[in-house]
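Have a look at the structure that comes next, please.
Naming follows writing order (A, B, C and D), and every chain is counted from residue 1.
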Amino acid sequence: MINKIVQSMADTMAGIKDGSVVLLAGFGSVGQPNALIDGLIEQGATNLTVACNNAGAGHTGLARLMELGRVRRIICSFPRSSDPVVFETLYRAGKIELEIVPQGTLAERMRAAGAGVSAFFTATGVGTKMAVGKEHREIDGRTYILEQALKGDVGLVEAWEADRWGNLTFKQAGRNFNPVCAMASALTLVQSQHIRELGEIDPDHVVTPGIFVDRVLHVPYGDPSGF
Amino acid sequence: MINKIVQSMADTMAGIKDGSVVLLAGFGSVGQPNALIDGLIEQGATNLTVACNNAGAGHTGLARLMELGRVRRIICSFPRSSDPVVFETLYRAGKIELEIVPQGTLAERMRAAGAGVSAFFTATGVGTKMAVGKEHREIDGRTYILEQALKGDVGLVEAWEADRWGNLTFKQAGRNFNPVCAMASALTLVQSQHIRELGEIDPDHVVTPGIFVDRVLHVPYGDPSGF
Amino acid sequence: MSATATAAFKPFSRAEMAQRAAADIPEGWYVNLGIGIPTMISDYVPMDREVIFHSENGVLGMGPAPAKDKIEPWLINAGKQYVTMRAGGSFCHHADSFSMIRGGHLDLCVLGAFQVADNGDIANWATSENDTAPAVGGAMDLAAGAKRLWVLMEHTTKDGQSKLVTKCSYPLTAPGAVKRVYTNLATLDVTDRGFVVLGMAPGLSFDDLQARTEAKLHLPA
Amino acid sequence: MSATATAAFKPFSRAEMAQRAAADIPEGWYVNLGIGIPTMISDYVPMDREVIFHSENGVLGMGPAPAKDKIEPWLINAGKQYVTMRAGGSFCHHADSFSMIRGGHLDLCVLGAFQVADNGDIANWATSENDTAPAVGGAMDLAAGAKRLWVLMEHTTKDGQSKLVTKCSYPLTAPGAVKRVYTNLATLDVTDRGFVVLGMAPGLSFDDLQARTEAKLHLPA
């Protein structure tokens, strides 16, 4: 019997290596797998590259992981937040590398990695600093730049419902980067608010099918807050 | 009040021009907008390019459109069928152009057009006839070829449910090419088995949001058959 | 550029700027409103003129802010404010949401900006080439992808510098993208000729406006 | 290459070929079965060994064919046969379905073929460079995208030509993709050395098999 549901955080985090590329879903704290980030902090992997829309806030979660010196490089679209002190301090001190990526390009690069597209031409960023050093091409009268797929070694995902095959649904705007992080990562780890019996999720309503999911941990934490 | 629901086939087909690129959804007859194809036959536009997984069967639908000499060029993955006589006769007589595209590349080219990706690198077709004349590139040790987005002037779509904003759901394997045809086409025309009140379709269950849809015609035809 | 002595005039308030932009949005448009003042625009579109508001984080068909006791914790916009969902709205993931933007499906995006040039260039994400950690978010996707880009901003900086310029001095968000600008002093179209003044704050003359504007202004043809 | 005189042997039936392949699929694999004989494989995977079958047309988690009175008209596989859905199955659109294939998420694809070369090349979609209207379907996506490609086919053509060759004479579906071949005469791995024979039909000797095979065969190291 296939059973992707694991019983402990230690089992969820098993095998994450130093130097991994971690794709972290969430937009603000909505749809953000906070328990898994804490699990990663506990697990100990270091020298990480983290791709995430934001660069953490306050001193918890991703900010805490950075504060502990575990993140070598961050790929994000919006490193500002209500309280970006950890990121800004590290960045000014030259202790963390930053790759700024337009938000849509970030999502599309993850989706491309999951879909077997190694690189793609987009108009976003043409004529800006983002285009410097990138291949330009005119196609049907418009200029595009080439962007590369962004693969994760590990993806951290927050779902609303999950079953033992790893099928997932998301709640409202909690969907955001979760499906693309799941499909782009070699090892996709999920925390889910609810665990459903196999077959309880309507096959027409599954958003992320289990083929993109490796392990699911039941984390019924309640409402997001504090973004 | 936004109301994308139209009352007649003539209203649905209004404005389709000669020489249009038509993206036709469906896989066999499942999720195939048969009524809209008949409407297009009636409407009269000619010199069409049709992109569709198959190249028609028997003497109805797409096969009929071809038989009437209205299709200049077909882009498809699988021109064989249980009864491909119309296509094969035209093709052998040099009266129709054929562009064979791997099925996944066909779907991805439509999705790319809808997503603002003008071209992308894929491994499908490398080392085969499909790669002849295409740009090759090695990325991270694997060879890829460049494929172009495939935009439609018109998209023909079959939905299970639709509302007046054009939100759509699909039934089971009837989803197939429908969502990508919708997003890739400048004018997306939908036949829907059911019309729902606005708000009846759960926002978490909408598959194709109305932003990709222009007109909806209520066609409660029952079960697909005859593939 | 300092202002010359002018007769008394009354600049548009932020609410009036939002209201003017709102009045120009027809029913049926799909619209993304940037963080800040542009977000206010939706307050001035009556519910019976159906305009469909999109937010980058996978929300299509947003309604107004919820009452405090009706907040849904998972329902936020790109500015991370709580919103509501109208009947007919839908959720999608980030790549699908940006497909709407990058695929040219939005009729309109309204952004704030630091500078707009008379060729339509927009600078709205960084105030220096060496910004320590510039935050671009979805601005470049929106500026490059929407069918129309409008800008809602003050006409001048706090110290009186014109934000309508001949050439942006700040890093660009997108070149040649802006079609219209709503400021506290005027509404302007960006045309092949440059800025064309469509309307001005009450009491302000064309010469007064030009005096406050670095870029050359034109009257409608 | 004509067969030399050999002792009596019993080739595997199609059902036995499918059965042999089925026995080699472990629980938990995501598997796409090509049109034709490969489709039979699912009949030999017991329901309690959970293998998740994928079909190109957006169906993940297929079960066996339905009883005639239980047909769901919208539920077909890529071969356009009616199927059922297991608990835990899901539907998606064509681009998402091919993301599973092209993104390397399928553990296994099993296809039929006209020819397989000892370097793993597969030809299964056209029998001549000038085929009037060749139909490729999803074969190239599957061959290039799945983690493993196995082939299930007769060992020879109807007129006795070997389908295991040193070089495919038919147009390729993908170069260097095949990892294993199940024929009516043998099971073979494709390795750096070429074809390695893992098993043979009862009564057949290695030399008998080589006599029926154009490509050079090897014994396991």
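FYI, a residue touches a chain if its C-beta (ideal position, glycine included) is under 8 Å from a C-beta of that chain, and two chains touch if they have at least 3 such contacts.
For clarity, every value in this text was computed on a predicted model and none was experimentally measured.
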| item | value |
| --- | --- |
| Path length in steps (a step moves to a chain that is touched) from subunit B to subunit C | 1 |
| If a chain touches subunit A and subunit C alike, it appears here | B |
| Higher-contact pair (C-beta pairs counted), B-D versus A-D | B-D |
| Most widely separated chain from subunit A, with each centre as the mean of CA atoms | D |
| Separation of subunit B from subunit D, taking each centre as the mean of its C-alpha atoms, in whole Å | 29 |
| Whole-Å gap separating subunit C and subunit D, where each centre is the average of the chain's CA atoms | 56 |
| Centroid distance [mean C-alpha coordinates] between subunit D and subunit A, Å | 36 |
| Whole-Å separation of chain centres (CA-atom averages), subunit A against subunit B | 33 |
| For subunit B, residues that touch 2 or more chains besides their own | 108, 111, 115-117, 122-124, 170-172, 203-204 |
| Of all residues in subunit D, the ones touching two or more other chains | 85, 91-92, 95, 98, 101-102, 145 |
| Touch-based graph of the chains, sorted into line, ring, star, complete or other | other |
| Pairs of chains found to touch, sorted by chain label | A-B, A-C, A-D, B-C, B-D |
| Interface residues, subunit C side, partner subunit B - complex | 27-28, 30, 48, 50, 52, 54, 60-61, 85-92, 95, 98-106, 145 |
| Residues of subunit C touching subunit A in the complex | 55-59, 72-76, 78, 80, 85, 91-95, 97-98, 101-102, 126, 129, 132-141, 144-145, 171-176 |
| Touch list for subunit A against partner subunit C, complex | 27-28, 30-31, 55, 77-80, 84, 87-88, 91-92, 98, 100-105, 107-108, 110-111, 122-130, 170-180, 207, 223-225, 227 |
| For the subunit B and subunit C complex, residues of the former touching the latter | 1-2, 111, 113-117, 163-165, 167, 183, 198-199, 201, 203-204, 206, 209-212 |
| Partner subunit A, residues of subunit B touching it in the complex | 108, 112, 115-124, 137, 139-140, 142, 144, 148, 169-172, 203-205 |
